[in-house]
Every structure is written in structure tokens, then in C-alpha cells.
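These are the structures, in C-alpha cells.
The two complexes that follow have chain A in common; it is paired with chain B in the first and with chain C in the second.
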Partner chain A sequence: MSATKIDDRIVRVDAMEKARGEALYVSDIKFPGMIYGTLVRSSIARGKIISINVPDLPEGYSFITADDIPEEGRNELWMIAKDWRCFASGDVKYVGETIGILCGPDRNMLSYLKERIKVEYEEEVPAVTIDDALSLKGGPIAGEDNIMCSLYCEKGEKMDDVFRKADSIFEETLETGFQEHVHLETNSAIVRLEDGRFTFYISAQCPFYVRKSVAGLLGLRPEDIVVKQTTTGGAFGGKEHFPDVLAGPLLVACNKIRKPIKLVFEREEDMLYSVKRHPSKVLFKTALDKEGNILGIDGKIYYNCGAYLSASYVVLQRGVFHANGVYDIPSTHLVGYGVATNTFPSDAFRGFGAPQTLFAIEMHLSHIARKFGFDPAEYKSRYFLKKGSETVTNGHIVEDVKLPEMFRQIADASDYERKSKEYEIGSGKGIGISFYNHGGAFTGNGEQAIIKAHARLVKTGDRVRIEVGSTEMGQGFQTALRKIAANALEIDISRVDYPNPDTSRVPDSGPTAASRSTMVVGKIVEDCALEMKARWDEGDFSVEKEYVHPDGHPWDQDTFRGDAYLGYGWGACIVEVEVDKLTNEVTTKGIWSSHDVGKAIDELIVHGQVNGGVIQSLGYASMEKMENRNGHFRQSSMSDYVVPTSMDFPKQEWFLVDNPYQWGPQGAKGMGELVFNGADAAYTDAVERALGATICKIPIPPEDIEEAIDNAR
Partner chain B sequence: MRDKVVFHVNGKRVEFEGNPMTRLIDILRDDLGLTGVKEGCGEGECGACSIIKDGKLVTSCIIPVGAADGSEILTIEGIKDTPKGICITEAFRDGGAVQCGFCIPGMVMAAYALLEENHHPTEEDIRMAISGNICRCTGYDLIVSSVQLAAERGGELWQ
Partner chain C sequence: MAVRNYIPETLEEALTLRMNEHAVPLAGGSDIMVQHRKGMGIAPDLDKPVMIISNLQELKGISRRDDGYIEIRALETPASIAASELVPWHVRQAASRMGAIALRNVATIGGNIGNASPKGDLPQPLILLDAEVVLVSLTSERRMLLDQFILGSKKTALADDEIIKSVLIPEKEFTHLFYRKIGTRRANAISKLSLSAAAVVRDGIIEDFRASSGAAGPKVIRSREAESLLTKRQISEIPEIADDFIAAWDRAISPHAMPVYRRNTTSRMLLHFLEALQDEERSGIIE
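== the complex of A and B ==
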């Protein structure tokens, strides 16, 4: 065994047990005496509950509702906001809101009984879309105006002055739809009593979120509850806060029944009754001079948050901060509104609010470029942010920006310039391009002020155990983190352990979200490892550290001014398509991407993340259509809501640039979300050029292309 | 009338006397404890529950146990310690095919079924062979190249 170095090619530590079918996911785990639960949900989008009629239940079966929350508890899940109720009571605000949990030993019997629980409602008119909510359809849902949260930021001159100077104004509205995570493992959890403590086995990104969120239901403290993460079969943000919605009812039920209870969503439930990506509507009004140069951009950003705020304010903030993309626009005014509707609450999804505004700005600039006869790539590159450029929050870019180099890589590989000239607009052939970024970790000084992440290393003999609350959900963090530790300790990676987190044993490292794990938690682990290395001969001991934010980068969380992010991941993507003009069938001919992730901790893992993120983004743009009618999602299965298969897109060409981040472990920055943030716009640009259409809305499946062409006429 | 259903799973004889409409996946997972067979959708759309029945790749979530009567069934548990199974799983490991892992046992079964029939598959053949298996994590490229790797490394194994 030799010391593992960061550039060594290593194999994923969890690959073999997963490939052999030996990794245990929640659905594979059984406990003696375990019974099953199933959620009984609202079947209407908005209204009062008149009555809940429960048939006589056989022995061993129970139906648990808000009435079963003990006096010392409160009927709320504490996500970021506390507004999400564990159980609806009195009224319902969206289709699928939990009314109760039916528990018992036999799953067939549970389905039989569930059908016989009848809820009577007095229905009200739901507001489903952003426009419904803004026009107060059915009366306000939240506050007086349905605006649950809002913020703005501005840079440069006042907008009135900018528009007074403009030679022309270009206005358009860009929209994105719901997106469902479709992690292949559905949401699932088990609760039981272990040594008198409520203990969860759960498929979740953030075990510490779960205990904080549900403890109050029984009037307990978070530390009274134990959460053990099980092998997690994909998450993508869908298991950031949403596991709380399973854990809450399970906890209340277990408090009454005192038996292990398992709740595993069927695919249909996971499709219809789980959180989605926020649909968005972005209105851009851009002031231009005679030559087509941008003087300023005024943006209004609306996100459909659904019925509860949960994490939406934070999602919206990220959306606003990314609304000028990778561009240094001289003057800008950006305002974001989180809108309440009677749909299932929207929540975290890879990119966390950034993909929506990045799509909008990319398409908007492409449209302006084409109007003035410029190639979009050439036009956009004039505005690239550079080190020292002012950001939309009046902070500065503190790192080198390598977009020109990244553009060169993919332009050469794809022969972009030639194709861009040769493929005539509307010829059926098109090549499209996008540039994007993703701010790493929590905004501003949030890592230090709010999260206060901890990590610990424990040395026993010649082995070292990593103790963090961060989770492996498929992204390769178990491997990456062990590699960071082994590299710093100068030992072989096989001597480093990293068990799945159990909240009773590991410190809180903050959520596994926001592309922060490698960059922030990885850094703390590296610092712990360096100290452990220096003290190696002291025998068995442990080292624990807290995250320290670099000095000199002010941020004001009340006014949203300052350095929102210290390090960004950067990306550029080119997609080439051919569109059959008779059938509107789109064939993707090539995909090229380049990403700046600082330094790749493990190239094979980054390769997999790039491939997966890009395909998810292409699915978002091209086929993943989730419609909502009257508050009901219409796509309920994997045959209605289609995600990419191995046949839909060709093999990708991908590149990295080296740009070590001074505060990351070995120079690494976040990457998990970045790789989602731009292929959608490159694809849409390519389809637009092939068709000679203007597309302002995704997804754009073949059946919707005709409409886009008509609109362009 | 309740007939007995008799079939073989990974070489072992299984007798089932119950509702013949019971899903095969439930027998495999719940009764036989073969939890490497994953349920991703329950409707034949994702391939996570893929098994090999009489040499053919099928999704066990939409097969009633009655239809398994007299058949030979292979699950991931039945191949993982065979030379071919080891070849594929190691290629998946070395080739970076595995992320969250939930689709992977099904993918391994699809690769197995392919390589048994076609010892030198092209990229297109592989993409076709796994097109019924959804992976939400990898974007497929590294799964495809890992299957290629298994074909190359396996060599004579597949003849």
C-alpha cells in the first residue's frame, strides 16, 4: 500500500457493493415486527376539510392525523421556513397534501383500507400558475398579494437614466416548467425506537435537517432524535427537505404505535406528490445602443413556489444572483418574487434556482445577438466577467475566469465557427452555445454565520475514520472525501473509513447541498488531516474543526450586497442538432462541454457528474414535460414523464480547465450543480437556429415545436 | 383452484402456492430475500428490476409469478460470483459506471444478457441493449464504455 495522491486514478469505494446488488437501500431493510405506512392525501387543490370518514379498522391498523400530535408538539415541519404543516387540518392547500398516515402490517390491506377513507371537502378555486396567483384567482393564498418572498439587487446607473439613453429596447418573457427529480430510488424511510430514542433509517441528503425539522412535532429537541442515512439512490435536491414530509407523519405514528414503520413511495406517488423544480417566468427589458451594445438590463423574476415557502426564498435569491449569467452588464436592476400557488411546494433541484435565470439570460442574449447579426458566442464573449468585475450584488469576482479558453476548447472540438456560419437559419441544422456558472456553497458568509460546519477525524491504530454529516447520494462524495483525507495524511485510501452519517455519532457538517461538500466540508477535512498528520505519533486521537470563512469578503444578508460567492464553477456548452422539418423530431448530433471546477479531486467522478448533469439538463429542455391542470400533475409515471434513455443523446465530449481555488481542498470547487446549468440553453439555441424560430419557453418537446414556429411568424 | 408454481431461481428450485398473479419481483425480494432486484417504477418502465428468464432480459415487476412456471431465472445474486458476473461488475467499478447504484444491478443484468448473445458489441449495440434501463445519474456514457470494457476484458469468457 502506498500513499494515495490526488491525481491517482482510484476506483469508487461504493461501486462494487452497488454493482453486486448488496448495498441496502431503505426498501431492502426489514426490522422484526415492522409494519407499513401509506400517506392519505388531499385530492383537491384548495378547500376546507368538512369531514374525514374512516372505516372501522381491523386490529393492528391505525390512522394517524394532526389530532395525534401531542399537546407539547406543533403541527409544523421546520425546513428553512416553518410554514409547511405535517398534516393538513381544517383546510388543504394543494393536491397531495398529507392528511394522515395509515399504518398496518399488510400492504394489500392498507391499499384496500386507504380507498375507503373518504374526505369531504368544500372546494375553492385554486391558483395554479404564476399568472393565476398574481391575479389573485380564488383570493390570496399567502399575505394579500401572494408574494411569499422578494428581493432585488442593482448595479450601475439608475434604470430610468439607462433607458432614457437607449436607442432601442428589447423586451421578452422567458419561461421554464416544472421538473421532476426522478431519482431512481423513490422517497423512503423507516422509523423505530432504538434504546428509547426515535431512530430513522432514511434516504436523505441532510440527516441533520430531518431531525431539526420533525423534533418539534413531539415537543422534542433535535438531539433526542437519531437519523441514520441509508444508501441513497439518487437525490438531486429532491431529498434535501422533502424527506421531512415522510419523517414527520412517521414520527407521530411511531409515537402512538411504538412499532417500526416503513414508508416507501410508489413511483406514481413520487411523481405526483413530491417537490419539483420551481417553474419560472423572467421578464427582461434591455436597453441597447445603435450598434446593439447593452446599456442595461431590467429583470423581473417570478418563481412558482407552490403552497408553502419551505426553501423557496433561498432558491429565489440564487436565481436573482445568477440572472446576469456570466456577464458584466454595466447597469442592471433585478427583482425576484416568490409566488404562492396551490401546487405541490417547489423545492431544491440541482442548480437551486440558478438554471431558470441562466436559461433566461442565455436565450435573451442570443436573441439580441441574432437581431443585430452577431454570432451569439462572439456577442456574449464581449461581456464575460473577469477577475475583479463587479457582480450584480456589488461584490467582485475574486478568481480568474477562464471562459475564453473554455470557449476555444469546445469551439475547436466542435468546429463551431464554421458550422455557425454554414448552417443557415431554418435549414434544419443548428449549432447552439451557452455559457454559465454556479456560485459555490451558501451565499455570502452563510457558511460561517449560519451553517457553522464541523468535521472530525478519528485515528484508531493505523486507520482513520471521517466523521461528517455529509452524505453520499451517488455523486461520489465518499470517494472524493476519502481521497482528500488520504492525500493530506499521506496514507493509502484503503485505511480511511467514512461510514454513512448517523446524527448521534457525527458532527453537523451542514446540508449536502449547494455544491458545498467538496469545497467546504472537504476543506475542513483536509485541515483536520493536516493536523492529524503532524501529530501522527501521538497514538489514538481525534481532530475536529469548524469552517472558517476567509477575511476581507463582506456580505450583508439583509440588503444582499457584497461578495455573494467566493468561488464559482464556470461552464460552456455546445450542442449540435438536426431537426426533421416534417416530424419536428430533433436528433442531437454532438455535445461538447468545458467546465472549471477548480481542480478535479477525481477525474472519473467529475466525468460521471458532467455526463449526468448535462443529460439531465438536456432532458429539462427537450422532453421532461410536467403539466399541472387545476392543481393536479398530469404526468404520473415514467412513461408519461420521459427522462432521457441511452438512445436519446450521443456520447459527450468534455473538457476541464485547471483553475485551483485558493480556499478549496487541493484547489477544488463545487461541480455537482454547475454541470446542470447550461446544456438546456445550448440545445434550445441549436433548435432555434435549425428551425428559424424563437423559443422562449422550455421544455420544447417535438409536439410543441410547431407552436414555437408559429409564434415566430 | 390453486396450482403450485415451480421454477428455478439462480439454480435453486422454488415452489410457490399462492395467488399466481403475485408479482414475481415480490417473490424474489420479499420471499427469497433477493434485494439486488430493485424496484424503481413497478410498471416495466425503468429496468431496475431486470432479471434473466430463460435467457431473456425481462422486467420482474410486470411478470406474474404464474408466468414463471417451469422457467429458469437468474438474478444479480446468481451471477455476481460467476466469472462473467465478476467481469462485468469489475468493469463497471473500474469504468466509473456506478453512481447512486440503484439502476446498476439491472444494468449488469442487461449487459450480461447482451454479452451472452453478442461478444463484440458496438457502442450502438450497447446503447440499444440498455435502452430499457433508465439511469438518472450517469448520462449513460460511462456505463456504455464499461460494458465495452467487460467485452474486451472478458474475451473468451463470452465465446
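== the complex of A and C ==
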């Protein structure tokens, strides 16, 4: 066996066991005496609970509610705030809110009993949309104004002065919809007592989040609870905080019943009763001079947070910080509002608030460019951020920005300039472009101030075990991290182990989120490995290190001023389409992308992420429509909530640029979210050009294209 | 909760079960098992006995009959229908676009008709072609137009002692053919809207004109009233008839969801087909 090097093309370390069906998911795991749980949920969006009528339960069956939380516990899940109740009590705030968990040995009987639990409500008028909430439909849900959280950023001159100087003002509202994660494996968990400790086997991104979130239900400390991540079949952010919503009721139930309990969501439950991407509404008002140059942008950003705050404030922050896209706008004022509604709480989803504002700014600038007769690519490139440019948080870009080079790559490959000129607006053919970025890791000094990630390497004989709380969820992190360690240790990757984390055995390396794992955790592991390499002959030992934040990059979390991100991933995407004028069906003829991820730790994995992220973004733009009527999601299955198949989009041409990040392992930055952040706008731009219509809202399936065409007439 | 289920070995046995217990025939199960699904590890919620008829040889086969009909027996799958050169073009097109590959190998034409979903793929071209269904019971056999058999969304004229035995499609040559299914995506898709059209044009005269709309109302829609505006007319008259024809068709369809899109797209597709009829250079399959 030879030493594994970063540039080696290797087979994913988890590929074989997954392909062969040998990997064990929660659904596959059974324990002696294990019973099943099923959640009893609110069937209305808003109202008071008058009564809960439970039929006589046979022996061995229990119905657990808020009343079963012991005195020393509190009915709250601790995500970022503690507002999300484990069990609804007294009232319900959204369809699908957990009221209780019904447990017992036979799933047929559970199904029969569940249908016979009757909850009586006094219904109230729900607020479902951002507009409903802002008009306080049905009365406020949160505070006095339904604004759960807000923040602003400003840069340059005061907006009043900017608008006074403007020759014209361009205003528009851009909107995005709900998006469902559709991870292949639905949410699922098992709880049981192991050596007297409550122990979870759970499909989750962040095992340490789970124990912190639920411990308070029983008045326990997080370290009293053990969380073992099981092989996780996809997550996309949908298993960042949401597993807490399964773990909480399970913990309260296990505390009473003292048996192993398994809870596995049906696909329909996972669609209807799980977190979604925040719908957004962005109002841009842009001051322009005679020639169409931008003097300043005023932006109001609204995100629909649902009934509980969950991670929404952090999502909103990222949305605001990305709201000028990859552009250096001379003056800007951006304010974000997180709006409370009676929908299932919105939460983390690949991109974490950035895709919504990036879509908005990309479409907005394309519309301005077209109005003044410029090609969107040429117009946008005038404003590209560069190293040293001031950001919307009054910090600076600390790295080289390779967007001009990236644009050249995809423009040449797609013949963009020729097609952009030749395809007439409204001809049925269109080519579109977008530029985007994604700030890597937690904002500002969050990695140092909040997360304080630790990682450990343990050497036993000639094998090395990685101990971190970071998880493989399909994105390829086991491969990436083992490769980073093997490369630094100069040993073969097969000698490096990285089992699924168990919180009782590994240090907390922070959540597997925010495109931070390779960039931040990978770096700590690399540093551990380099030390281990130097001390290799010392026998069996371990090395543990904590994240060190680079000096000289101030951040004030109270005012949101400073260097929000030290390393961004950057992207550029071109999409070419043809629209069938009879049916509005869009055929995508080509997809070209270029990404700056610093340095690819594993090119095959990066390729997989590019393919998947771009297609997921195209699905978001074109077909993934999740509607909500009176608080009820209307799409409940994979045949009515459609995600793209391999037939829907052609093979992609993709490029990477090398731009090593000085504080990342081998120069790597984050990339898992970046690749989602821009294809939607390139697609929409292409469709607009093909139709000669203006599109301000996605998704845009054929029936909504009809509306856009009508509006253009 | 529990019901008895059966696996009859002959058609006669199946018809006896149908008569005595009104057992529901299950062929591929791709509708019944979805409609009655209760969840992982939970028995499906069946309110009537089910009989699995997948093995009945009497209900298999595609053949050309001497009386000018193509017969497709009820257990034939979309995959086999799409692959058969005996089957008319429109029906093969629809069969080849149904659901996913796996579904096309287990679903059956009998099930697709019997389920009578407005979004069902096969009834739409079959009704275009004036296909008939053959219904059998222990004591009788009867034939009726599929258009009359399907009464509405999920409603058919099937008696509770009958089984769908086969579909008969009259053989007919058309000079112009059109088929479009607009699915929710390109594969593994449910129909958002579909349209078939066919015409026989000879010496500038429209001898036969017909169309059928799927997913545009509670059942497949053919408007004889609209069709009659065009039949026996000269193609040179199409420009003056077109508006009335489109208006008549638009009155006939009644899409519930996405009405504007479904109406406008249907009109555009029909006009596109009418334009092709006027162009003497174009015939055969109209793209």
C-alpha cells in the first residue's frame, strides 16, 4: 500500500457498503424488546386545543404528551433559541405540530389507535404567507408585529442622498418558494437505555445538537445523553435541527416506558411535517445614473420562518450578507426581517438563506442590464468584488477573486457571447448566466466564539482513527477527511478509520453544516495529523486540537460589522434552454459551471457535488413547487412534489479554478452549498430571454410560465 | 380490519369470486397498493377481498382480429403495448410515457382503464380511436365504447360481478397524427395535460377529424360537436372555421387546476395541428 495523496482519484470509502445494501440505516436496526412510536400531530394551522380524547389503550401501549415531561424538565427544544415546544400544549401553531407520541409494539395496532385519537380544537385564522403575517392576519403570532428577528447592514453613502442623485430608480419584488429536502432516507431515530444512559441511534447531521436540544426535557445535562449517528441517507440541512423534533418526544416516552422505541417517518410525513427552505420576498430599489450605472441598492428582505424561530435568525443573517451577491455596490442598505407564520417552521437547507437573496440580486441586475441594453454578463462583471473590496458588512474580501477567469472558461465553452447576441429575445431560445458565492463556515468569529471545534486523532499500532462529531450524510466527508489525514500522515487511506460519531467517544467538532467541515474540521484534522506524523514513533497516542481563528479579521456579532467570511466559494453558471411555444415546456440544452472551491480535496466528490447541487438548484427554479393552503402543504409525495430525474437535464460541463485558501487543509474551502447557489438564476435568465418575459418568482413550471407570458403582453 | 384475499388460477374461478364476493381484481397493484397503503410494516387498508389475477392466461395477449379490431387483453402492460407493432401509434406513445420503467412493467391496461383517473395515460388515446371494452361475468359478455364505460373521475360502468377482459381498437389509417403528454417532468411523471389528434385528409377534404384531451376534466374529453365543425370540410376552409372549433373545444374541457394553462395550451396544440393539416407538404406524425 502506498501513501494516499490529495490528487489521487479514489473510490468513495462508503461506496461499496451503500451500493451493496450493507450499510445499516435506522430503519434496519432492531433491539430486543423494541417498540414503535408514531407522532400525533395538529391537523389545523392555528387554534386552541379544547380536548384530546384517547381511546382505551391496550396493555403495552402509551400515549405520551407534554404532561409526561417530569417536573425538573421543560417543554422546549433548544436549537438556537428555546422557543420550539417538544409537544404542543394548550394551543397549536401549525399543521403537523407534535401533540403526542403514541407508542406500542405493533404498528398495525398503532395505526388503528392513532386514527381514534381525537383532538378537538377551537380554530383561529392562520397567517400563512409573508403578506398574511405582515398584515397581522388572525392577530400576531410572535411579538406585536410578527417580526421574529431582524437585522440590517449598510455601506457607503446614506440611501436618501443616493436616491436624490439618481437619474432613475428601478424597483422590483422577487420571490422564491418553499423547498423540500427530499433526502432519500426519511427522518428516523431510535432511543433506548444503554448502561443507564438515554442513547439515540439517529439519522442526523449534528449529533451534538441533538443531545443539547433534548436534555432539558428531563432536566438533564447534554453529556448525560448519548447520541450515535447512524448511516445517514441524505440530509441537505433537513437533518440539522429537525432530528431534535423526533428525539424530544422519544426521550420523554423512553423516560416513562423504559423500552427501546423506534420512530421512522413515512415519506408522506417527511414531506408534510418537516422543515422546509424559507420562502422569501425581496424588494430591491436601485438608484441608477443616466448610463445605467448603479449608484446604490436599497433592499428589504423577508423570510417566512414559520411558527418557531429555530435557525431562522442565522439563516436570515446569511441571506442579508449575500444580498449584494458577488458585486461591489458603492452604497447599499439591506434590512432583513424573519416573519412568523402558521406554517411548519422553516429551517436549514443547502445554502442556508443565501440562495434566496442571490437569486433576487442576480435577476434584478439582469433586468436592469436588459433595460439599458447591456448583456447581463458584461454588465454584472463591471461590479465584481475583488480582493480588498468592501463587503456589505464593512469588512473586506481577503482572497483573490477569480470570477473573470471563471466567466471566460464557461463563456468559451458555451459560446456565450455569440448565442447571447444571436438568440433573439422571445425567439424560444435563450442562454442565461449567473454569478454567485457562498461564505464558508460560520459567520465572523462564530467558529472561535461559539463553536470552538475540537478534533482528535488516535493512533493504535499502525492504524489511525479520526474522532470528530462531523458526519457523513452522503456528501462524501468520510472520504475527504480520511484523505486529508492520510495525505498528511503519508499513509494509505485504508489505514485511517472514521466511524460514525458517538457523542460519548468523540470531541465536538461542531455541526456538519455551513460548508465548514472540510474547511474548518479538515484543517484541525490535518494539523493533528501533521503533529502525529512528527511523533509517529512514540507508539500509541492521540492528538487533539482546537480550531484557531486567523488573527486580524475583526467581527462584531452585535452590529454585524467586519469580515463576515474569510474564504468564499465562488461560482459562475451558464444555462441554455429552448422553450416549446405550444406547451411552455423547457428543454435545457446545456449547463456550464465553474467553481472556486480553493482546492478540491477529492475531484470525484467535488464533481458529484457540482452535478447534484446544480441539478437541485435547477429543480428549485423549474419544478419543485410546494404550495401551502391554509397552513396545509399540498404536495405530499414524490409524484406530486417532483424533483428532477436524470432525464430532465443534460450532462453538465464543469470547471474548477485553483485558488488555495491559506487557512484551509491543502487550500480547500467550503463547497457543498456553493454549488446550489446560482444555477436557478442562470436558468431563469435563459427562460426569460427565450420567452421575452420577466420572471420575478420561482419555481416557474409551465403553468406559471403561462402567467409570465400573459403579464408580458 | 382483515379481509380474505385470493389467487384464482382460471378466469372462471376469478369470475366466480367476483360474483360471490365482489373481490377486487389486482393485476399489477400499482394503483390499489398505493391507494390503500397505510405505512411501513402496516397491512394495507383493504375494505373488500382482493384477488390477484396476474397469472390468468385468458387475459393476456395482443392480436389482430379478423373483424378489423386490434385486441389488447386486460393484463397487457404498458411496456408490452409500447413494444407491439400491432398497437396504433397514439396508444403506443401514451404507453411508452407512463410512469417509470418499473411501473410500465407491472401496470396493466385493464387497471389503467378500471381506475378511471382523469390523469390516466391510456384512456385518452383509446377514446380518440373509438376503442371498446369487453366486460365479462360468469353469465354474460358485453361490449361498450370506452368513452361510455368511463363515467367520470374514478367511476366506471363496471358491474360488481364483471371483469375487464380486453380492449378492442378499430383499425384505422390516419394521414395526420399528433400526441403530446405534458408531464410533471420528463420521466416518472404524472400527466399535467395530454392531447391526441388525428385526421384523414384526402384531396383537400377532411374526411375524419378527431381529438381527445386528458387531464382536462373529470374524464377524457372528446367533443363530437367541435369535431363535426371540421369533418367533410375543405382544408382551405380551416382558417375561417378554426376560431369556432377552438371555442367549441374550450367549452368542452373543464380543467379544475391550472385552468388558464390547460386551456391555452390545448388551444395552441389544436391550432398547431390544424395548421399542419393545411400544409400539403406535411403529413404523418406532426411534431
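In this section, the second predicted complex is superposed on the first by the 713 of 713 C-alpha atoms of A that agree within 3 Å, B and C clash if a C-alpha of one lies under 4 Å from a C-alpha of the other, contacts with A are read in each partner's own complex, and residues count from 1 in each chain.
Basically, a contact is a pair of C-beta atoms (placed from the backbone, for glycine too) under 8 Å apart; a residue touches a chain by one contact, two chains touch by 3 or more.
Treat the numbers as computed from the prediction; the structure is a model and nothing was measured.
By the document's definition of touching, neither partner reaches A:8: not chain B, not chain C. After overlaying the two complexes on the shared chain, residue contacts for A:647 are found with chain B and with chain C alike.
Look at A:400: by the touch rule set out above, it reaches neither chain B nor chain C.
When the shared chain is aligned, chain B and chain C each come close enough to touch A:639. Once the two structures are overlaid, the count of chain A residues touched is higher for B than for its counterpart among chain B and chain C.
In the superposition on chain A, A:266 contacts both chain B and chain C.
In the superposition on chain A, A:612 contacts chain B only, with no contact to chain C. Judged by the touch definition given at the top, the superposed model places A:175 against neither chain B nor chain C.
When the two complexes are overlaid on their common chain A, residue A:417 makes contact with neither chain B nor chain C.
Of the two partner chains, neither chain B nor chain C is touched by A:544. Across the two superposed structures, the residue set of chain A contacted by chain B and also by chain C is 27, 266, 639, 644-647.
Within the complex formed with chain A, the chain B residues making contact are 29, 34-43, 45-46, 48, 75-77, 80, 88-90, 92-94, 96-105, 108, 123, 126-128, 130-144. The touching residues of chain A, when paired with chain B in their complex, are 11-12, 14-16, 18-25, 27-28, 181-186, 231-236, 266-267, 473-476, 604-605, 607-608, 610-616, 637-639, 643-647, 649, 651-652. Listed in rising order, the residues of chain C touching chain A in the complex are 1, 38-43, 180, 182, 184-190, 192-193, 258, 260-262, 264-265, 268-269, 272. Those residues of chain A whose C-beta lies close enough to touch chain C in the complex are 27, 36, 107-108, 111-112, 264, 266, 581-585, 623, 639-640, 642, 644-648, 701-703, 706-707, 710.
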